[in-house]
Amino acid sequence: MTTETIQLLTPEGERVERPDYPLGDVDIRGMYRDMVLVRRLDSEAVALQRQGELGLWASLLGQEAAQVGSARALSPRDMAFPSYREHGVAWCRGLPPVRLIEMFRGVNNGTWDPEEHKFHLYTIVIGDQALHATGYAMGIQRDASEDEAVIAYFGDGATSQGDVSEAFGWAAVFHAPVVFFCQNNQFAISAPPERQSRVPIYQRASGFGFPGVRVDGNDVLACYAVTRKALRAARDGEGPTLIEAFTYRMGAHTTTDDPTRYRLASEVEAWRLRDPIERVRAYLARTREADAAFFEQVEAEADELAATLRAACLALPDPPPMSLFDHVYASAGGGSGSAILDAEREQYAAYLGGFAEEGAE
Amino acid sequence: MTTETIQLLTPEGERVERPDYPLGDVDIRGMYRDMVLVRRLDSEAVALQRQGELGLWASLLGQEAAQVGSARALSPRDMAFPSYREHGVAWCRGLPPVRLIEMFRGVNNGTWDPEEHKFHLYTIVIGDQALHATGYAMGIQRDASEDEAVIAYFGDGATSQGDVSEAFGWAAVFHAPVVFFCQNNQFAISAPPERQSRVPIYQRASGFGFPGVRVDGNDVLACYAVTRKALRAARDGEGPTLIEAFTYRMGAHTTTDDPTRYRLASEVEAWRLRDPIERVRAYLARTREADAAFFEQVEAEADELAATLRAACLALPDPPPMSLFDHVYASAGGGSGSAILDAEREQYAAYLGGFAEEGAE
Amino acid sequence: MTRLTLSRALNEGLRRSLENDPKVMIMGEDVGKLGGVFRVTDGLQKDLGEHRVVDTPLAESGIVGTAIGLAMRGYRPVCEIQFDGFVYPATDQIVSQLAKMRYRSKGKVALPVVIRIPFGGGIGAVEHHSESPEVFFAHTAGLRVVACADPADAYAMIQLAIASDDPVIFFEPKRRYWDKAEVDTAAPLSAALPLDQARTVHPGNDVTLLSYGPLVRTCLEAALAADADGRSVEVIDLRSLSPLDMATVSASVARTGRCVIAHEAPVYAGLGAEIAARVTEQCFYSLEAPVLRVGGFAIPYPSARLEEHYLPDLDRILDAVDRTFAY
Amino acid sequence: MTRLTLSRALNEGLRRSLENDPKVMIMGEDVGKLGGVFRVTDGLQKDLGEHRVVDTPLAESGIVGTAIGLAMRGYRPVCEIQFDGFVYPATDQIVSQLAKMRYRSKGKVALPVVIRIPFGGGIGAVEHHSESPEVFFAHTAGLRVVACADPADAYAMIQLAIASDDPVIFFEPKRRYWDKAEVDTAAPLSAALPLDQARTVHPGNDVTLLSYGPLVRTCLEAALAADADGRSVEVIDLRSLSPLDMATVSASVARTGRCVIAHEAPVYAGLGAEIAARVTEQCFYSLEAPVLRVGGFAIPYPSARLEEHYLPDLDRILDAVDRTFAY
């Protein structure tokens, strides 16, 4: 089997014509802007982590095109199930970035209403969300809703998890309207994709009986067009598609990782030449779809976003201790929903109260 | 994709030439004999269960060719990992049938030394053994042993389990010398294969990067030749193969199942025309490779086997109560290997002793 | 009032839930056409349709994982795990996702999923068909874990579980599926005992005997035998294993001064340990004897021909009751 | 004697096992080139080779399942589960296969597999990285479950675990990985305390304080603080969570008359329950107070900014000690 990679924009910023992957009325300037903003958001978060303000951060550096391109292909009613690195998708769905910051700061475990922005909570256990996405898509079928689909994000490493294969099987058998979007960023922490699969990842789909396609993950136009087509197929009752976005994790796995232990600087340099933002900038400049003022304005917006985000982060209050006991169960009245937990809560409140009294003495 | 099914013997007993699947020096009479004997063994076990002598039995009726053909392709050093229905494989590996009977009688949970006959214990949790087989094959690689391979048996239903997909992935990535032999008997209890896969099962392998092949599972010669070729490839360092033996479960799922609830008698009848034993008998008779005396002798052997098995079953002693506590841990001396368990054992012995005393009073 | 088996009572309860709420669904292996290996879902697919009663692929993690997704979409899936020993492939989805989602999201995502598990031994089965894994789930915060013991309660409890906005692990005593009793299918659900309360099934004064699921009947038989010997045993069916109704339990033990717990699961780190520890904390000055536990040994479930020695029976339970009087 | 961190001590112990027995292998995610996310396997692949130290695909069931196959072939795999919260996908292979194989086969198949799990909280991590799932495995017959607490013991225990012919679930206190202490790497393994024995790490007379893993250090600190207040606390590091060394525990409690257990896992149906129940049975007449438990609440592990309230610390442990004197 040959590995064809769908590309609509070369690293040099030249458009490649692919009538089979139409772009429609695409807003390339908007895509550029989103990518610049999320990159900035990301680097600000890395900085905040370095300064001790966040417990951890998983950088998306290098994956902006894969995330912005695919997310922009979603209709407002489509539902996205992210892994833990999809800050660019979150951005495109309109989730306030501080929601992500809260989670990585440790203020909460990722607390937003998934239906509000049609963007689900982050999932940290690798692969689990692939089944949730499939189940959600089965719900869409039961609602006989024809203009909704689901997208599930996961990494190259996730494809080894049994749950992801189970999701492939279920989605195929039930013809569920779900697009599996795998960002192959060449690493599962230190492991290369060859450790997860003997053949290119997009080919996994064929064994389950649905189409798989590889797209240049650093090409925002291609990611957009390929995802759009797959989502349409899903909404039209044609079942699932697996998209492998071939990209590269330019940063560390997370802020606690040291990638120099397992990869060469030269490899990173080679990928820098395929930067997802540069090629769009080159395209916009060459075609004069954008001028210097536009680029400057986007930079200014990015600076502002970063500053706002930093301020919001620093202003985040720590959660009150007794909130520990909230939302374990559905509860009526003032109880926690569990008599056992009520007792623990009372005891702990009394214990904390004891310190307060001591302090008062 | 087209579904090509390898067949070397038609249902009418005509040989089909397939130079790509050579038979070598094959003992067709021996295969016939094995199939007749295991069918008889199986029906005797069903009878024993009906008479209350076994707790349960999973009948192989209809799957004799898939099991005998594949098992006969194994070299003495190859290791087989069965599911729970591979009585025909057990037979070909030389495992005394009473070992299987013990387990289904409830005397034990399947107690034989897997290395003695190169036939592992039955595995009841669907799919688990696929990973064991893969790990064992990785051990063969580490031993740098070039004339050993592993075969893992499982059903069509098992292909939905995450563990089986994980095994496919691992075997492919590590190029492990393992053959996955899936008996697609058209049912996972009541579920048809369409509930497990949108495409023919053998195609699953391609997505993981190794070959898959469908064989007529009621054709013992084809099962033999296809398995033999796959095992050779495995031993030669060419990695795994998935074989889908397309067959039919003529009986109930187990003796507790009522298949009339979910399938038509007419379907069963249609498959009866493709009986795996009849076609070999027809072939042997037509080619005069066997005469009436041979067939009679095999019947006589089968009768004797059944009688011996029944006698052995009825003679099985119940395990002594205190054997409950044996072999939980490796133990030195008289202990169980656990002080906690020692205490329970002592207490229970005293408790039983109390009854004995009461009785003596 | 109709006389129903426990299996049938569950079937009627499921049917009522399916009929009353179009969001309720049933999913699992062989639950549709076959009606489940224990016939608990018999006839439901035929009457409610394939979208409501779904025969799934053979994958327990898939069943729970997609049920979670369906619940996120507003459905109320009732999953069947065919046998206790096959719930383990779904552990990750249950422990890491199902149990934690409400807490994680600060109440924004509710997952009203019920996982039905036929559990326990005594049916002469092969390996993995007789397990009692309840403590795994009881230890997992965010789940409700309950066990039914008789037809009438099973009928109400399954409906209460489905109506609960929390995930519920619902254990069914498989060797009691064919026990028959009167069930009032006309009674309103609002009249049923809440899901998280224990019930005293036999009042007594000398010792408190706690159990749940299949052993409730055995404990009742033990209490009757003890009555005949002039010893008054109070039997409590815990029903909810997490959270635990300690109010009912402690009130009884405070009165009787003695307590025995029986379950099939291994005693070692089993649910009885929690109950014993808690009862001792709450009734320290009333206890005449340590809380004694009767249960499985610290061994894997044995083969069928040995299970009578493994399973706590009337004699072993009475032996423990006797031992509490030796203090 | 060398001063080593706990992480390094494990590394040295693993290295010694790899060097002494060609059948020993290490497998897991990122254990090779990267040396593990906590560097426990640092340098081992480089020195022993890719066949001995295997970077696996990202699949925990696969890791344990293939380790079982390798063990059947005569190998002694040491699996690393990267974090506690990621062991659940492997539950089925651990509970249904690894734990039961010896019993199933009546001793014909031994599975000397070690599963290393960095566990517990206190490192400010995101969700699923701070769990304490030990009781799942302690309840599962056929497994040995142990936890190390300090560098010297970790060095010996990992080697003992690898040498054991039983499957061992080996818990490592991740927030203590960087604790340093003297380790005698020259001492023969035969001199080490057997894997299934508890050890008294601080002798005392007034109350017995039991723990394991990360809280052993906290308990020692609590004992020192109590000493200063004139209260003599005996601290026991349980080491083996299954089987439990009740001889050591009961002897201590019989002497002190009071007992407190501390662990990070939720108290509800946690290991402390078993210990409390058992201690009460065995020391009923010596107990001056009920056995008290300090541990996590019946909630999912909270986010990092709340974990200090969740984790038992010196104050909460001393509070429980105090409470046992109120009886």
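Order of writing sets the chain letters: A, B, C and D. Residues in each chain are counted from 1.
In this text, contacts are C-beta pairs under 8 Å (C-beta built on N, C-alpha and C of every residue); 3 or more make two chains touch, one makes a residue touch a chain.
What you see is a predicted model, and the numbers here were worked out from it, not measured in a lab.
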{"item": "Interface with more contacting C-beta pairs, comparing B-D to A-D", "value": "B-D"}
{"item": "Most widely separated chain from subunit D, with each centre as the mean of CA atoms", "value": "B"}
{"item": "Separation of subunit A from subunit B, taking each centre as the mean of its C-alpha atoms, in whole Å", "value": "45"}
{"item": "Chain centre separation (subunit A, subunit C; CA means) in Å", "value": "39"}
{"item": "Subunit A-subunit D separation of Cα centroids, rounded to whole Å", "value": "35"}
{"item": "Multi-chain contact sites of subunit D, meaning residues that touch two or more partners", "value": "56-57, 59, 61-62, 85, 88-89, 92, 96, 100, 103-104, 127-128, 141-142, 242-243, 268, 297-300"}
{"item": "Residue numbers of subunit B (touch at least two other chains)", "value": "108-110, 125, 160-163, 166, 169, 173, 195-196, 328, 338, 340-341"}
{"item": "Touching residues on subunit C, where the partner in the complex is subunit A", "value": "25, 51, 56-57, 59, 61-62, 64-75, 89, 92-93, 96-97, 100-110, 141-142, 144, 164-166, 196, 242-247"}
{"item": "Subunit C-touching residues of subunit D, taken from the complex the two chains share", "value": "61, 85, 88-89, 91-92, 95-96, 99-100, 103-104, 127-128, 135-136, 138-139, 141-142, 242-243, 265-266, 268-274, 276-278, 280-281, 284, 289-293, 297-300, 327"}
{"item": "Touching residues (chain side subunit C, partner subunit B) in the complex", "value": "29-30, 32-35, 37, 55-59, 61-62, 85-86, 88-89, 124-129, 267-268, 297-300, 302-307, 309-310, 316, 319"}
{"item": "Subunit C-facing residues of subunit B, complex", "value": "55-56, 84, 103-110, 124-126, 157-158, 160-163, 188-191, 195-196, 256-257, 261-262, 318-319, 321, 323-325, 328, 338, 340-341, 344-345, 348, 351, 354"}
{"item": "Residues of subunit B that touch subunit D when the two form their complex", "value": "108-114, 120-121, 123, 125, 128, 130-143, 162-163, 166-167, 169-170, 173, 326-330, 337-341, 343"}
